[in-house]
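Naming follows writing order (A, B, C, D, E and F), and every chain is counted from residue 1.
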Amino acid sequence: MTNEVQQLIAKADVLIEALPYLRTFANKTFVIKYGGQAMVSEELKKSVIMDIILLKYIGINPIVVHGGGPDITRMLERLGKESHFVNGLRVTDAEDIEVVEMVLTGKVNKQIVALINQYGGKAVGLSGKDANLLVAHRRAPEQLSGSEEQVDLGYVGEITKVNPEVIHTLSKQGYIPVISSIAVGLEGESLNINADHVAGEVAAALAAEKLILLTDVEGILAEANDPSSLISTLPKAQATSMIAEGKITRGMIPKVEACLIALAHEVNRTHIIDGRVPHSLLLEIFTDHGIGTMVTS
Amino acid sequence: MTNEVQQLIAKADVLIEALPYLRTFANKTFVIKYGGQAMVSEELKKSVIMDIILLKYIGINPIVVHGGGPDITRMLERLGKESHFVNGLRVTDAEDIEVVEMVLTGKVNKQIVALINQYGGKAVGLSGKDANLLVAHRRAPEQLSGSEEQVDLGYVGEITKVNPEVIHTLSKQGYIPVISSIAVGLEGESLNINADHVAGEVAAALAAEKLILLTDVEGILAEANDPSSLISTLPKAQATSMIAEGKITRGMIPKVEACLIALAHEVNRTHIIDGRVPHSLLLEIFTDHGIGTMVTS
Amino acid sequence: MTNEVQQLIAKADVLIEALPYLRTFANKTFVIKYGGQAMVSEELKKSVIMDIILLKYIGINPIVVHGGGPDITRMLERLGKESHFVNGLRVTDAEDIEVVEMVLTGKVNKQIVALINQYGGKAVGLSGKDANLLVAHRRAPEQLSGSEEQVDLGYVGEITKVNPEVIHTLSKQGYIPVISSIAVGLEGESLNINADHVAGEVAAALAAEKLILLTDVEGILAEANDPSSLISTLPKAQATSMIAEGKITRGMIPKVEACLIALAHEVNRTHIIDGRVPHSLLLEIFTDHGIGTMVTS
Amino acid sequence: MTNEVQQLIAKADVLIEALPYLRTFANKTFVIKYGGQAMVSEELKKSVIMDIILLKYIGINPIVVHGGGPDITRMLERLGKESHFVNGLRVTDAEDIEVVEMVLTGKVNKQIVALINQYGGKAVGLSGKDANLLVAHRRAPEQLSGSEEQVDLGYVGEITKVNPEVIHTLSKQGYIPVISSIAVGLEGESLNINADHVAGEVAAALAAEKLILLTDVEGILAEANDPSSLISTLPKAQATSMIAEGKITRGMIPKVEACLIALAHEVNRTHIIDGRVPHSLLLEIFTDHGIGTMVTS
Amino acid sequence: MTNEVQQLIAKADVLIEALPYLRTFANKTFVIKYGGQAMVSEELKKSVIMDIILLKYIGINPIVVHGGGPDITRMLERLGKESHFVNGLRVTDAEDIEVVEMVLTGKVNKQIVALINQYGGKAVGLSGKDANLLVAHRRAPEQLSGSEEQVDLGYVGEITKVNPEVIHTLSKQGYIPVISSIAVGLEGESLNINADHVAGEVAAALAAEKLILLTDVEGILAEANDPSSLISTLPKAQATSMIAEGKITRGMIPKVEACLIALAHEVNRTHIIDGRVPHSLLLEIFTDHGIGTMVTS
Amino acid sequence: MTNEVQQLIAKADVLIEALPYLRTFANKTFVIKYGGQAMVSEELKKSVIMDIILLKYIGINPIVVHGGGPDITRMLERLGKESHFVNGLRVTDAEDIEVVEMVLTGKVNKQIVALINQYGGKAVGLSGKDANLLVAHRRAPEQLSGSEEQVDLGYVGEITKVNPEVIHTLSKQGYIPVISSIAVGLEGESLNINADHVAGEVAAALAAEKLILLTDVEGILAEANDPSSLISTLPKAQATSMIAEGKITRGMIPKVEACLIALAHEVNRTHIIDGRVPHSLLLEIFTDHGIGTMVTS
């Protein structure tokens, strides 16, 4: 047997190793929050996109949710507008929301859609306005920490209802839905929603098998900045305490909240994984121990 | 019988008058190019949107196509970029096309979608990138009239293929598809397409019953600027001559071309109508003589 | 804008006004008891038939129930038989029931069916014998008022079971079922049933959205013969008292009883309306305040 | 083995003998013209009805067509009207057709329907008006034989179109359609049609497997009145000559014509059988040699 | 009427007599344990096979289960192996089970399948290994009666789970499933199962209407060897006592156990009938009093 | 990044490499002739079975065909019968065919079925008798080479008809059909068929995408015994000549014939591959150049 054939056999062995996972996850829905470095590096982009297409081909139902903070900030800058954040939330006036929506729905969303289609999948982009997919009301003003002042965040919303029918319609016909984090308000206005929260709410509404959030760290760390302190499995009660105690901070907070939203409904497993690792989606799905942190009920 | 009841009866008579048209058009597809004043005036917007929703409820299958030139020009201005046109086509460089796509797909499209949903329909927005709905290649450079100079139009395209499956998927489930005039190129790049042409190609691909283009004049006039010279029915041979002879000019040219594209396939009737008239869509559909100009094969 | 166009626009406005009702009633079932003047005047006949066809085209599911007392009486006269009534019920001997059935099922029913088909609907006539649609037993003898004498009504029945499957089969395929008020007895014999009661029972068995009974007065009047005393909304408790107190009399009694039967099941709304008003069906359905009397639970 | 058991076994053998016919005719459509003695004698009625129900249960699709001449004549007599026939066709004035229709559709049809339902089948009666099942125009006036005089037959028609969709709708749901020989004219009027012709046209429109006409003689006889001269198989060319030569006469003519109509379309086999023999339908279907006369192409 | 026709009519009467049973059993599932003389005599074989095919054609869903003891014993003999039985169960070593499986699944099963197909049915053979239809574990060792010694029966099993999906898949498509009494163990090994038990378990898993076991005696006798003491109806409590009291013995025990298994689930009726009587299946099904013994809950 | 993670990423890369093949072969049917060493070695058995299950999970439709010569010979030996071959075909008398069938259908087939089910697939075994899947007549007697003597092969057949409906029924429901090479003759008798031929005929009847035959050599060699002379692609004309010229010999002949049968119908690609290589099925399918010899049209 030639060397080449032996290498091929080794590859076939890898495919066979995937078989038990194929069985377990056949026809299940996975909601994937796509973001961070995996949306920047060309190599990682391709790796994530290929992973998503592979999932679809082997009978899993991937639903992609994305934000796009850096692109928004850049476009606002080009228009001479500065970005302000309060407690990590972008203060979004009427002029801003138009830009936020255009960038998320008209640029980032369509880039992801076109990439999936180019590599052989069939994607359709959706915003929360399409078929009233994401209905929201405006968030209450934020309390500035260490002050009594309240700041009106403007066109920033909280989801009150997900109408997932259009996702089912598209998924059943073989399409991969890609959802931008814009919701529709009661008067038809656009509202900016945290994309992690969108992913959590969509997973909950779909009773997804898994919610997977890509991030730019190894997962949740017991000791900040110490990758070796990665927590593999985090019960939701402990997750809640870690937020309260300030051990989970900043961008990780909405990710953990998304897991908690999903777990509060019928979602079985929620994962926060390191999107900087190539094929992190496949690694999470097709290995027993998984990667990153699994938040569990 | 009170006066009020007599008025109600008169209204019922109007509904009954619509019956033969309901019968004729049940389950037929109408492609509607939405644009011009009807996209600006709040009153006309509502009138068109309500007409479209009514069509859907009474068993007709409306498909909406739109452009959005004025919004594009405004956004480019805000970004300090001037708009150049050659033979009526926008010269679109790499920076421009990003803005064009964002405005059309991320702003105008979602405004229409949200309006339809607000007034009780169920709309889903699509760009030509979704499910590779509109595939295009770049247009050849334009010859400047009266010169040998050729101008490369940049990211301006011509449709080479329409993949209408996603339209069928959505329509069958009760959704009204709303399509922005952005196509996808062979390398996944965005291409700016004349929205009238998109409407014609989509109507052709769907073998629609009717293609209806909203414009800001009465229809095609035999004598420019003389509304009383409105041509009710224009055979396609004559339409072609009128373009050649310069009697059909400027923005009307792509509209007539759209009709010719549609007629060259299985589309039965094509209409160019005056979108400034309230309920012009219903008038066209629910009266025997129609309004505006019908281009016929 | 010409006068003609303005009139057209006014008509389109009427169509648009119907939109909210289209939305509310899409795919709902309406049982319509057709009778009285609306079955005599050529103009009213056409008006009712057109209304019914329109309902079908716009996605409502109309089911028509009819009687035909005057035609029966006429045919019996031609055969030299006198009609006797006890407490408003026709005494029906073996010879009579044959005539009653022939007239209702073989003449009146087919006239309605042919009219609907002629004006562009697709109707199929049914008697209660078809597919055992209406199963009945004979009514107990009637007590003569002010006497101890009891009169055997002969082949007059009360419905004991409705088998609505054949209605569903036909409705789903686009047909308008038209039902004559003949039921089948336990031994296969024909039984004459009050057509209002049939309508009420059919509405109950179908869990219809609405039961609408056409009559020849404005509705239920608080003061007999005073049209201005029309009761718009009549709670069922009050309806029951009004019958007991003799304020609802004669032909109105079975109509109110039909409403009570329907309300006792899952029917949402029941209406007794003035069939002498052209398009009374549309007026009832497509205006907020309705016409005639609504009996409510 | 007891005597009783041996008798049971003999019965089981009979069922098993039917097996090859069950296989051959599974899911096939049989159009049965019901008439003559088999519609008069209580015993024969039950026998035919049971045969029809059995056919339905074993997977054959029976469609029943009937006339009802004697009942019509009786009712016209009761109304003091005499019946006139020209060349075997009833002269039918405007008053007559109303009676004809009432008797056929309102009495005879519903009696057959009720009988089938009583014995355990599920029948639905139809006239040619239902769903425009039978569309006809008026027959040309008849030439009186041996005279130049022409007689206008009045409301007597010839079928121009069969719309069989409603038959399919009902058959598929397990119902046995029973069709009275009344057609609808172009203006919605009722037309009296020869029931044999109706059966032939319906069989043709359904591309039935078999057309079976019940009559009151053994079949077609080579020598009139000589039952031993029964023709088992009659090629259509010979049938045509026999009519021309006057060897087939009177009521047998429309029966043979019905066979010819059916054979001219996709009907495989047509049979004229003796309805006076109990279970003649089963005998025809479940024995190799059949009974009566088979007219063949 | 000729003698021949009168005989034919008598035959038709027999078919009509079957009608009420057709109605009662339409679309119901019957599990039939085929065995004994009816699997040996050519005449009885044909009679049973024809009965089964007839059931399928008239809308009943027959499922056939079989064993094949005599064939197994013969093949083992040819291979020089003696058969040992403990309490009526075959001691089955690793070499034996291979032979048992080959004979049951590769010979007896395919003979039945080929016979059904030859006589016009469409049969598909299954063993308990196909689609994991019958999952079993090994039986505990048997206690030798009158001794403390225990005998390991080897590859003899007891059913722990029936996966009936493949039966539904085949039945719905018109096939008659024929099941051999081999189950699959937890490690994929073959296990020999009593065929009566298999029939009982399959009937239970399918919630069959009837379980019918063919045997070589009249049924269950109150007095051994006295056919006139046949018990027509045996309540399950009494059946249990009769086993305990030794009044039901040997091969009849597993048959009665099969009935008890079936009755413990949703099976309505269980019958032990005399397979030596031709058409015993039809006799049981198509006569009111039935034959053999009915074990009832 | 740890070493372990890097290894995981390399594995994910392998999965991604499979993506284009998944796309190409989604929903396609592959007929796989399983035999030779791959049916003997425990390791190879598992490897082939896992490959087949994987194909099913990723949306390909594998159909397995098998023979079982060595097992047959062994069982005949145990029964004291010698095996004779003429031109490579087993002379099969009445006693032999019973054993052949039992071994193929009752032992080998069920072993494959049980293995697939054990490793997580859902297999159902079929012989050519099930649903008359393979209909055959007996082969003409074979001419002994170098002699005029003809030898009657007994129960050896040639396929005349494949009835593939039962394969479709099972495949659509997620089952993997496993087919033994026994056909049914016109009188219901069993006939022994070359399993390669069965695979070719089944592939032809299914219009399969691929026919893949596992063998115990590298493929077709230009020079006998010189693996380096492997022919990668062999046009069918050349294949025919090589047989005629004696360059393709013995067991390879029916394999090439199977390819020619398949190519003569709508099968796209036929492959003879080395079953001794682990995962040879996956290697063939998931690499561009394939392995073994492709016979092409």
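Assume a residue touches a chain if its C-beta (ideal position, glycine included) is under 8 Å from a C-beta of that chain, and two chains touch if they have at least 3 such contacts.
Quantities reported herein were computed from a predicted structural model and do not represent experimental measurements.
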Joint neighbours of chain F and chain A, given as chain labels: none
Equivalent interface positions on chain D and chain E, same or different at half: same
Selected from D-E, C-D or A-F, interface repeating A-B by over half of its contact pairs: C-D
Where chain E and chain F are represented by their mean Cα positions, the distance between them in whole Å: 35
Separation of mean Cα positions, chain F and chain C [Å, integer]: 70
Distance between chain centroids, defined by C-alpha means - chain D, chain F (Å): 57
Inter-chain centre distance, chain B versus chain E - centres from mean C-alpha coordinates, in Å: 70
Multi-partner residues of chain F (at least 2 other chains): none
In the complex, chain D residues that touch chain C: 78-79, 98, 101-107, 109-110, 113-115, 117-118, 122-127, 129-132, 165-166, 169-170, 173, 175, 182, 184, 187-188, 190
Complex interface listing, chain C residues touching chain B: 1, 5, 8-9, 11-20, 22-23, 26, 47, 50-51, 53-54, 57-59, 120, 277-279, 282-283, 286-287, 291
